[in-house]
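Shared chain: chain A. Partners: chain B in the first complex, chain C in the second.
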Partner chain A sequence: MPRNQIDGKFLDETKLKPDMEITSTPKHRHKQSHVLEHTLHGISETLERALFAEEISTRPGLFQSLDPRVKIISVLALLVSVSLSRSLLVIAGIYLLTLIFGLASSISAGFFIKRVWLALPFFTGMIILPALFITPGPALLHLPLGLVITSTGLTTSLFLLLRVSTSVSLTLLLILTTPWNVVLSALTVLHVPDVFILILGMTYRYIYLLLHTANDMFLSRKSRVVGHVDGAEDRRMMAAISGTLLSKSLNMSSEVYLAMQSRGFRGTMITLKPFKMQARDWVWLTIILGVASISVFLGR
Partner chain B sequence: MSTTKNTFPIKWLFVYYAGLLVWLSTTAMHIPDGYLSPLTSLVMFLLVMPFWVIGVRKIRMTMNARSVPLIALLAAFSFVIMMFNVPLPGGTTGHAVGAALAAIVLGPEVATIAVSIALIIQAFFFGDGGVLAIGANAFNMAVIIPYVSFAVYQMFSKNMPLTSKRRVIGAAVGGWVGVTVGAFFAGVEFGIQPLLFKSASGAPLYAPFPLSVAVPAMVIPHMLVASVVEGVLTALVVAYLQRSNISVLEAAEKPNLIGETGKSQSLRGLWIGLVVLMVASPLGLLAPGTAWGEWSTQELSKLGLGSVPTGLEKLSGLWGAPLARYNLPVLGNANLGYILSAFVGIGMTALIVWLFALLLTSTTNAKKPN
Partner chain C sequence: MIPEIVFELKQVSFAYDGKQPALENINLTVTAGECLVILGANGSGKSTLLKLLDGLYFPTQGTVCAFGKPLSEDVLRDDDYNFAFRRRIGLVFQDSDVQLFSPSVLDEVAFAPLQLGLSRAEVSQRVDSALTTLRIEKLRDRAPHRLSGGEKRRVALASVLTLNPDVWLLDEPTTGLDPRSQSWLTEFILEQREIGKTVITATHDLDIAEKIATKIYVFDEEHHIVASGEPSEILYDHELLHRCNLVHYHLEAAQQSKHN
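Let's turn to the complex of A and B:
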């Protein structure tokens, strides 16, 4: 399913996408709304991503059909073995495995690779670039300007690049195939206290509310601005919005408390645990733990 | 073996470049998985744990059942504010962590919890920052920034009226210092990786840059951008709250929130800091060189000072420290001796400071009655 279709389905585009037409003089347009647009763009992107994840998690597939507790343990076990490995081949193997899991969970390899590599490992690659040269070790390749690529530098760069991209892919696999509320209730398996899970869930919910509130504040501000606005004014506006948002959050917390209290909340909570381990979950768990232990052993 | 000696002159160009990129990619210092070894991640979790316990206990003490929605909303606020693009004088923009603001409004203990939850949600649901690196990220951003910022803010604004200009200045300096110190810790975490973990051929397995590169690469760009963003935003929001909603600023100052043991609490923070430093002191063992300014005469000649002044050579034998070169021959183990010396040294320093403090408070108490 193409992304814009999802946008159309879930997001009111006029509300979330900053509308360039609103700003008046094209001469100052860029300068005036630079900060606003960046923030608005960031907010709408976050919302969009989360909705996209929800959509993938409803498709049929391998990871979608697994018990969420098994999924969390699998991803954590593989993350740990990637982190422990001292062998590039083992990490590459786990990366390949992650891509295969993605394919089996109706995440196309193209999307998966693009999504992962365009973001973090790309920057990691840029960061690691100097390490190619400054890591002491035997010279591998002489470049002009007296630059020398060392073999240890190359190994190091590959380690970091592969480790980061494999870890990000694994986390993304979990995020994309599991609705957030299910991840939350599955966290009980890690012995995360119930109150903590309640707070996490409420936080997640209110992030969206506050993002919408912030979005509305930015938009209403933007729609009232005509002409050139300088940086100092932009900063003041940003501070006013932050301050208002903080006051709003504090007010809302007492309102939410009253609402919870009136519905019977007395400081304790019960989580519904609707999960039931099936035969395939056990099989999967055994396989993954086996793979993880073998890779830890091989990557020693 | 031809090593990289010939690339040395351009090394600092790369440091700058690396630092710039570290800042660009990990705005607000989110460490992804893969940069830190599992052992480091574990140690960072252990370091954060007591602060989580302190925070939760504090919330329970002061707010009980009310605390659930309060923490949830504040964590959500922390998350949202991390997305704001704050313009700086000169045209650049950056993201704030919001941890300094949270500390000023809630106190550092509660701010730790709110920012930690925001970080956990970023890691688990948005893929920002590593899952295994949550401990390290929480330590740098949810512990260091709030506690340091709050201490600085307090220094400026103790006993000042809520509308005082000094509070705004304190918020600015606090935010700046907090993020800078946080970045320093992140740099140290990166920098100890190549010292601890190497492959058989000597290639670093995790973050590859040594302390001498990683620390300046993290600290300098943050000092110039991210720390400024945090300081500017915190100060402007405090100024805004002074004008529009002063009761929010009051909250952290209220006696029932701070608790009656406010004084001992702030001291306890200091002790925790000391213990952390003591635990961290063995890091010194891993640094290859001698501490700056503590060279022996042989090392001085290696540093390029062809001839050590004879006067200095004579003097070098004059001062024998009680724990010379930080190891006790009795123990037979240099490392153990080093760590023990650290404890003894910090203990002695603490004793002296405590005696001084006792002296000072007794004189001020003596003055008070009139």
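Let's turn to the complex of A and C:
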């Protein structure tokens, strides 16, 4: 006779209640709340995205081969020129340049464009849409309900859209081609205090760790949920998981502090600063600073 | 020559928040070059003891002396003493994720010697040497949270090895490691023992205890030391091991049949 062992007691499978059998649940499954699925999906997506970004940073390419400090300064210089430029053509030129840099860094244009333009309408669209209609200026297009798109409104919106997309693309180029830990270490070039860099690094590292823990907790919960779970039960479960995670993170933070103390941390950080500038880094830096200056000049 | 006394604990008790006991009336002496194993079940107080020895916790009762000097918060506030103490003692935490807090393996391994004031050239040399010894040169620029359990443990050991401590404190070093990594770790501990380092290992793994220990202390679940002695005395005292929840009766039977 097939038998199961639970907590040391043997149970006959034939004596399991019908509502505990796997075959009895499908009709309830679709009713199950989606909170778990959404949360799991969200966590997995975040972890996968982080993994994918790290994979790109190891590919051979233009940006990957540069000193991270040079990359940070280059991206900052181009960001400033995008913000200062008053010419759509110049901004569009920098955007095109960013796409070319992306291609030279083993990032396909399709992926790069999609990653930026899919999220853009949600954030920028909210601001652009009213600006099209309410910015005073000569009428360009008459729409039903008495709405008028002005040429000034259109120009303003295009400026905003291009500036945001170029800035986001530049930042994305930096973080896709440089591991997060390296970006943080390179912040020393901007005179960010070492202890601040350490805290940022630890925040990223332990968020990642807690995401893994949260994922395991949700999966463990999911593996034990049978049948319909109502909203109230879902909320209770979410609260319990949040509480456990908070308690775990508090415990971990005090342990991490002990581990730092154990290896001599006394409140002041000293780091190795291992970067070395090569000739190609200097050449690149000169070119980019030149491009940024010309862009500001042309777009003034 | 009488060997140096590294640690001397007299009637030490410790309680978390002053009410949750973790150690009760502990008397213990560790001399230089010993390879001591602290055996005990989960929650018996082994990890707490290692933190007391590393000057991270301080006893609620009794005294802990390190290298002949009582250890207290006041003493460790003195920078010179703190640096000298931290240079001599290295603690490898049970949970590598706790120990690996830096953004890259290189930063992690360089952390301790940098904080303790070694020159950058000396730190670089020690880092290279530690990475080579633990065969993790390829992990140099990787983020610690992307590593496997075995790799994390090696990086955690390297992060302490760069200190070149006189005393190693190892908290459950074999937990979560595959057999090959466990065997490698045992070799590593034996090497440290051979070159005269003092190694104190807290574990409930009887296999590693048998391989590395020169002396064993046993904790019961009430946080007391209930026995101490040579591995040959302790590891075959089945009644003791069973009482301290260190063997299951299946294992005990297997061991008995092995001896018979």
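Quick notes on this one:
The definition used in the following text is that the second predicted complex is superposed on the first by the 259 of 300 C-alpha atoms of A that agree within 3 Å, B and C clash if a C-alpha of one lies under 4 Å from a C-alpha of the other, contacts with A are read in each partner's own complex, and residues count from 1 in each chain.
Here is the rule we use: contacts are C-beta pairs under 8 Å (C-beta built on N, C-alpha and C of every residue); 3 or more make two chains touch, one makes a residue touch a chain.
In this text the structure is predicted, and so the values were computed from the model without any measurement.
Between chain B and chain C, more residues of chain A are touched by B. After overlaying the two complexes on the shared chain, residue contacts for A:Thr156 are found with chain B alone; chain C is out of touch.
By the touch criterion stated above, A:Ala104 is placed in contact with neither chain B nor chain C.
In the superposed pair of complexes, A:Val283 makes contact with neither chain B nor chain C.
By the touch criterion defined above, A:Glu54 lies against chain C but remains apart from chain B after alignment on the C-alpha atoms of chain A.
Looking at the shared chain after the overlay, A:Met260 reaches both chain B and chain C.
In the superposition on chain A, A:Val226 contacts neither chain B nor chain C. Judged by the touch definition given at the top, the superposed model places A:Trp180 against both chain B and chain C. For the contact definition in use here, the residues of chain A common to its chain B contact set and its chain C contact set are 180, 198, 202, 204-205, 209, 252, 256, 260-261, 265-266. Chain contact summary for the complex, chain C toward chain A: residues 51, 54, 56, 79, 82-83, 86-87, 90-91, 93, 95, 97-99, 101-104, 106-107, 110-112, 114-116, 120, 123-124, 127, 141, 143-146, 159-160, 163. Partner chain C is touched in their complex by these residues of chain A: 54, 179-182, 184-185, 197-198, 201-202, 204-205, 208-209, 252, 255-256, 258-266, 269-272, 274.
Within the complex formed with chain A, the chain B residues making contact are 1-4, 6-7, 10-11, 14-15, 17-18, 21-22, 24-26, 32-35, 37-38, 41, 64-66, 68-77, 79-81, 83-89, 91, 93, 98, 101, 105, 117-118, 120-121, 123-127, 130-132, 199, 201-209, 213, 232-233, 236-237, 239-241, 244-245, 248, 251.
Put simply, chain A touches chain B in their complex at residues 34-35, 38-39, 42-43, 46, 49-50, 75-76, 79-80, 82-84, 86, 120, 123-124, 126-131, 133-139, 145-148, 150-153, 155-157, 159-160, 163-168, 171-172, 175, 180, 183, 195, 198-200, 202-207, 209-211, 214, 231-232, 234-236, 238-247, 249-250, 252-254, 256-257, 260-261, 265-267.
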